[in-house]
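Each of the next two complexes has chain A plus one other chain: chain B in the first, chain C in the second.
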Partner chain A sequence: MAARKHRRVGDSPLARRTLIGIAVGLTVLLLFMPLVLIFVQAFAEGWAGYVSNILNEYTLHAIGLTLVVALLTVPLNMVFGVFLAWLVTRFRFPGRKLLTTLIDIPFAVSPVVAGLLFLLLYGSNGWVGQWLGEYDIQLMFSWPGIVMVTVFVTCPFVARELIPLMQQQGREEEEAGVVLGASGWQLFRRVTLPNIRWALLYGVILTNARAVGEFGAVSVVSGNIRGETNTLPLQVELLYQDYNTVGAFAASSLLAGIALITLVVKAIVEWRQSRN
Partner chain B sequence: MSIEIQGINKFFDKFQALHDINLTIPDGQLTALLGPSGSGKTTLLRIIAGLETPEEGRIRFSGRDVTDLHVRDRSVGFVFQHYALFRHMTVAENVAFGLNVLPRKERPGKPEIRKRVKDLLEMVQLEHLADRYPAQLSGGQKQRIALARAMAMRPEILLLDEPFGALDAKVRKDLRRWLRSLHDELHFTSVFVTHDQEEALELSDQVVVMSNGRIEQVDTPLELYGRPDSRFVFEFLGQVNVLSGKIRDGVMRQGDAWIRLPEGCENDDAQLYLRPHEVRLTQAASDQAHLPFRIEAINLIGAEVRVELKPDGWECEELWEVGISHTEFNARQPQRGDRCFAVPDVGHLFCEHAAEPRTLEWR
Partner chain C sequence: MATTDLSERPAKRLSAPATKRVLPGFGLSLGISLFFISLVLLLPISGLFIRAAGMGWEQFWFVITDPRVVASYKVTVLAALAASLFNCVFGLLMAWVLVRYEFPGKRLLDAIMDLPFALPTAVAGITLATLFAESGWYGQYLADLGIEVAFTPLGIVVAMAFTSVPFVVRTVQPVLEELAPEDEEAAMSLGASDMTVFRKILFPTLWPAVVTGGALSFARSLGEYGAVIFIAGNSPYISEVISLMIFVRLEEYDFPAASAIAAVVMTVSLLLLLAINVWQGRYLKRLHGG
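Up next, the complex of A and B:
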């Protein structure tokens, strides 16, 4: 009997090939080429040129500052996110719905606007800033300000990952734990945390990626002081404006490298999550 | 350990889930909390465990007031409706959890814990699953593990929330028997919540029927089925046939239907409740009852043939159902649409002006 090909609706070879072609073409053009170009440009002056660009005093300082910001932001938002998700999913209180909506504000607001808001509040002429100024505390145009806006911009990631998961898992396992005599801390460490660990890690990865790469909000509050308040993304822009293209791309390659590592870790975590 | 519940009131916002509950659950017995959903049975169970706090009232375990005692210090065993096994732990780790979270001074050593877990898994006949994860177990297996986990702390009180609700009929029957035998062997005090009358009547020593946050009746299964206190309990416990009518001079009438009542029935509006097995089917009316029907449907599956009857010349809210033996069915071969008569042997009369029902006998 002759084999007959069965086709489903919309499965004609022409449509399939065209769609796949467009998707691949766009991916190469818009995603892959620019990524390759970053590294091509970064190494335009060879390995030695790359290293000397990275080892530039101001670039090194920017790398250090960026790491400090990420190191402060990520744990802070991890704790905050777990706390918030716990609060929203395990308790009933007036304003709970409102709170879940408010969590999304940093997503909804443009980072530049967020930066301006902080400037308005904590700047030397701002409401809180003036009062702090009396005690000689300056938050804006220095690293605490950068950390503050980064925390603001990245605070929804962890909570957003955890809330749906914790809602779906319910509180029965925790109740089972208490009935069996577990204390609050034992409950969190032995029951809650293991159940949310992959989602938590996923949230942390996203938080870290954004904290390292944030430009808009940071650029408003940093004051762009070279070697003092420049983070890596700001340094990239500064180098580029100085017509130091190779230097700018060398610094960019670091950010791109972090992004690639993030993607790999994210893929692994997603794979682990789907396995559980 | 007995459980005394005294004057419990529980509110969820403005909704009152429990109204002044007073109840004693005797030591070493298996008690069922039976009621439709929303009757407050699960809330009562959770209050006994300490997972909910009542606004008013006290809970005592063998005289000791535990109302203000935290759940973790009440040392009761609790089996959740959906088992609530810890999904990231193996079966053995699940069962060992209660022992592992004990304060260091009271915690048994590792070998001792291992031995206890092994014994518990043997008790539920699932030793071979010790290293599996909950997701790899069937519903019946999860249920047994949940039970083993609850028993690990050797509680004197075991509370079970809809223990067999999510299982299929066959597994449910096996587990019921198994729980009964386990209870008879170990003699803890158990309370379980169910909405399944059959389960409650089969399994328990004492049944507490609840509706709308109130206790309707507390009795042994036999008494409860034989002498329900209220229309609610009657209707909730199995199929019931109802004749509503007026009593005049010892005869209850509605349309073409009438029944001669035994002596001592006052003139009143009344309902007569009859269980399917308390009614016989005949081809001619007797001199004590005239209840004409048409046969609406015949169901042959089961130990008895169930005949559904539609009233002929009078009315009732739901069709009557009468059970006849297969032998009788084969001898008479009744057909759909045949006319026949019901003759009651025993009935329960609820009069509008009487507080309690009266059980009548015609035999």
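Up next, the complex of A and C:
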């Protein structure tokens, strides 16, 4: 309390109040109001209307398909993400930098292009697709195609969350574990996992949010068959184009709910990490 | 004997630090990672380029310079530039407010910044379209001012700006947090104004992070599809984005044209990604004095 705090830029009450005011105002307009609108529109016909919109036969089917896609995509990308993060943070080898750049590709590629990549390769005219066609296996315009593009679009998230954290933690603890005679699996379960579990949880939740919400890429390979290959975001589009705005926003409210859960988990994870 | 052994070992390790791998799983994790990346990323991407290369230069050039496609390049690049510029300013402001000030609701403000990454783009699309429609919450007031957003190129800018909000905020925030206060406090105590100190001392440290975030936001905006198509109106030559052009060609079953345009977009995205990576590497080195 003895020494007075030095003055820094923007400390004056006027600057402070103005900047906070503008920031809060813009955030309310740009981010809060859209969120409010989703729920206002979803409940425009009351609770009963909301429930009947969700229980619509096609919407229910879309929810089911979306869950299946997430259930297949998330574990696959989680395992891949952990192995990749282990590889690039625990070993030095030529091509390590290239590998971490490659993994960012799905972030940079337009979702429509992502969908097209798989359509070209596995579609009925594609190299792999033609060959599979001879065995009557069709991947595109059916659920396996949707899973494949979703895996492509969401594969960086777990690795991206883990790599900076594992780099920062270093490998001393694991090396100690090896000296003490731990096997690979024991090492991962007892030493690595407790250190990375919160970041891993956030990576998984983020992968899930993107997997259930992917639109562009899925739209290219799904064929939009109502009640068959429609995921929840595609169902939102169909309802909206049918001028069933309330139905579209009711379906959207489920996806917005998942987005909100994702934000809450992120806040908890950051809070836990700042305490450590 | 034992003591000489101990004294020799550290010296050996210093001279050749990476010869022995202590931790297990190198082969397994390398194998799984390479297999996954090849199958999921590299195989489909090379498939696209081989397809595009197979169609012959003349036809390729004809398809990618079609006037309607060229118009979509212009619309997309201009809208993405405008959206990233907005995000540079907005992101810098948000990062500043979140790092420098304490106020009630700050945690909530910080958390909601990531909403555009968590919210599916189609949901963002129909929500923005409804807000900015002529009778919407925002559209009705903007209409009084004579500003039309929905179904115009301005709508594309709004959608791109929304979906890439977090980039600049999240790149600038850590730099602001780590900023040493000495120079700033010295300049202030010597009587320089807030604006001068910000321009001369803070901004030179902050701008590389702003540029990185802006470039990420630009790259994302170039490929944005879901949020854009609901609000853009999608009229040929005026408000069609590149991603939509690819989709239109696909719906016409014109696979070669779709592949050619996609190859152009893909090349630009990969070059942009590479540039951002090189730039980030350089500026991180400078920041940590390496």
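For the reader, a short list of remarks on this structure follows.
To be clear about the criterion, the second predicted complex is superposed on the first by the 267 of 276 C-alpha atoms of A that agree within 3 Å, B and C clash if a C-alpha of one lies under 4 Å from a C-alpha of the other, contacts with A are read in each partner's own complex, and residues count from 1 in each chain.
Here is the rule we go by: a contact is a pair of C-beta atoms (placed from the backbone, for glycine too) under 8 Å apart; a residue touches a chain by one contact, two chains touch by 3 or more.
The structure presented is a predicted model; accordingly, all values stated were derived computationally and were not measured.
In the superposition on chain A, contact of A:P194 is made with chain B only, not with chain C. In the superposition on chain A, A:E175 makes contact with both chain B and chain C.
Legend: residue contacts after superposition of the two complexes on their common chain; A:W86 is shown touching chain C, with no touch to chain B. Using the contact criterion defined above for the overlaid structures, shared-chain residue A:Q186 touches chain B, although it does not reach chain C.
Residue by residue along chain A, chain B and chain C are tallied for touches, and C comes out ahead.
Touch criterion met: A:G126 reaches chain C, while chain B stays clear of it.
When the two structures are aligned on the shared chain, A:G213 is found in touch with chain C, with no touch to chain B.
Residue contacts after overlaying the shared chain place A:K266 against chain C, while chain B stays out of touching range. Where the contact sets of chain A with chain B and with chain C meet, they give residues 175, 178, 183.
Contact residues on chain A toward chain C in their complex (touch as defined above): 6-10, 12, 15-16, 19-20, 22-24, 26-27, 29-35, 37-38, 41, 79-80, 83-84, 86-87, 90-93, 99, 101-113, 116-121, 125-127, 148, 151-152, 155, 171, 174-175, 178, 183-184, 187, 206, 209, 212-216, 219-220, 232-234, 236-237, 240, 245, 248-249, 252, 255-256, 258-260, 262-264, 266-267. Those residues of chain B that touch chain A in the complex are listed here as 49, 51, 71-73, 75-78, 80, 82, 84-89, 97-98, 100-102, 149-150, 152-153. Chain C meets chain A in the complex at residues 18, 21-26, 28-30, 32-33, 36-37, 40-45, 47-48, 51, 90, 93-94, 96-97, 100-101, 103, 105, 107, 109-124, 126-128, 130-131, 137-138, 161-162, 165, 181, 184-185, 188-189, 194, 197-198, 202, 219-220, 222-226, 230, 242-244, 246-247, 250, 255, 258-259, 262, 265-266, 269-270, 272-274, 277. Chain contact summary for the complex, chain A toward chain B: residues 172-173, 175-183, 186, 190-191, 194-195, 276.
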